[in-house]
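Only one structure is covered here, and it is reproduced in the block below.
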């Protein structure tokens, strides 16, 4: 789907996508930490598609089950009970990924 | 001021404060990482007082200048230009702390 | 699904769930009023799953049709037209519950 | 200041202000309950001016100290720790009002 | 569905719906511009149903493909990457409408 | 202050600032329309600094008093009464600018 968006030819939009990719590349912080930052941000902003994306990326970067729970705990306490339905879907995804 | 709130004697509120403290204690992830999670969450939710608190805590946990910028970059890309005024105040605080 | 989350064994998360339960138990305000507070909060924060949960709990606590409309009216005026799609789904649920 | 806004002569805006007033008039629910709904909404949406307004209106409608704490507890659990700075200012206001 | 809501007979709610209609009628700004304002607001507030509604209304008012992309670019930069999933669905809708 | 941020030397952040500038340059839509889109977005997201910036830019682009009110009316209806304190400050700024 991103191809359709980029094919639209709007330069601001395509540069934003490049920047979005760039933000998670290793720098002073490694990609694993940056992906956890992306995950907790998605959680408190309550965006299911973003949570799904970052849970998968975090798993690829080696985030363990207990580390996921720690990220979720910070997101839940900062964002409140309104986060719970999104947390449920994140756990369902973790189960699919790890069984 | 937290004392006034806790003196109010509402058990749900005082337990929430204890939980808020607990979420940043070392677990599978260390306190430094958890404080960066708290900082990026505060940034995308655009809460100046929370940003101030977590910038100070991150500094105490040894987050370097370049690491701060990496956290800010993720927060800015996820949260958009609406985050910029809060980012400005975070930089002002960093300057006060580090000169 | 909450069982899966609680089975994860993260103490901050399980305590948050206990606190979330506690917040709606009768105190200075009764559970009916507290559930209406939870409903209007869910409405202005635009969380469908939370709205569904609190509509059902409000109905169990005896909130009448006219009282529901009053809660919705406050939520709509405070939260604006962005709330309307969630209001629609709340009305659909009310129809299912009451016919 | 509302006078300046209304003097602007935009009919959509002036009708919105009339509607905003109307939402808290007694109906199936009394004004006291409606003002508590407005307060908790302002709290989870983190609007200091709105919190100040509804705290004062709630106090006028006879909301007691313990009832305020119950409203705050629901707002804190639903909205998360990001609500705490606003809660602090609400408590400061309560102290000013009641000593 | 709006009929069910209006049949509920709550005057605040029905007047809000009238006001919501009024806000997009031609005034100092034409309906086309106002619908683009409604679209970008829906985008940064991340409400899919609202985006769908305003994309269709914008198309009816003659907003061109390139103009849509400009609206999306402002919404993406202001709202950040959290807006991307909603942008994807907006592009899917545009493709359905225009092929 | 932007200079301090850019002097920090984080490439993601400096590119974001360039993109933020780019989004309002004339394209399929002119800068005046784009600035009104930025203004209504800032209004519904309730960011005072962003509102101030876009009100000034809109004024520079020739947005008239009546056009401002139309933008505000859309923002108020979409975003709800929670927007009112920010609307007040926008009107104060307009008065300062135009007397």
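The first chain written gets the first letter, and so on, giving A, B, C, D, E and F; residue counts start at 1 in each chain.
The rule is short, and it goes like this: a residue touches a chain if its C-beta (ideal position, glycine included) is under 8 Å from a C-beta of that chain, and two chains touch if they have at least 3 such contacts.
These numbers come from a predicted model, not from an experiment.
Colleague: Which chains are in contact with both subunit B and subunit E?
Modeller: A, C, D, F
Colleague: Distance from the CA centroid of subunit A to that of subunit C, rounded to the nearest Å?
Modeller: The separation of the two C-alpha centroids amounts to 27 Å.
Colleague: Where the CA atoms of subunit A average out and where those of subunit D average out, how many Å apart are those spots?
Modeller: 34
Colleague: Check each residue of subunit F and list the ones that touch at least two other chains.
Modeller: In subunit F, residues 12, 16, 19-20, 23, 41-42, 44-45, 50, 66, 69-70, 73, 76-79, 81-82 touch at least two other chains, as defined above.
Colleague: So what shape is it, when you link every pair of chains that touch: line, ring, star, complete or other?
Modeller: Basically all the chains touch each other, so complete.
Colleague: Okay, in this complex, where on subunit D does subunit F touch?
Modeller: Subunit D reaches subunit F through residues 1-2, 4-5, 8-10, 12-13, 16, 20, 41-42, 45, 47-50.
Colleague: For the complex, give me every residue of subunit F touching subunit C.
Modeller: Spelled out, the residues of subunit F in touch with subunit C are 44, 76-83.
Colleague: Please give the residue numbers of subunit F that touch subunit E in the complex, ascending.
Modeller: On the subunit F side, the touching residues are 19-20, 23-24, 27-29, 33-34, 36-38, 40-42, 44-45, 50, 64, 66-67, 69-71, 73-75, 77-79.
Colleague: Over in the complex, which subunit A residues touch subunit F? Could you list them?
Modeller: Spelled out, the residues of subunit A in touch with subunit F are 11-12, 15-16, 19, 22-23.
Colleague: Can you list the subunit F residues touching subunit D in their complex?
Modeller: Those residues of subunit F that touch subunit D are 46, 65-66, 69-70, 72-73, 76-77, 81-82, 84-85, 87-88, 91-92, 95.
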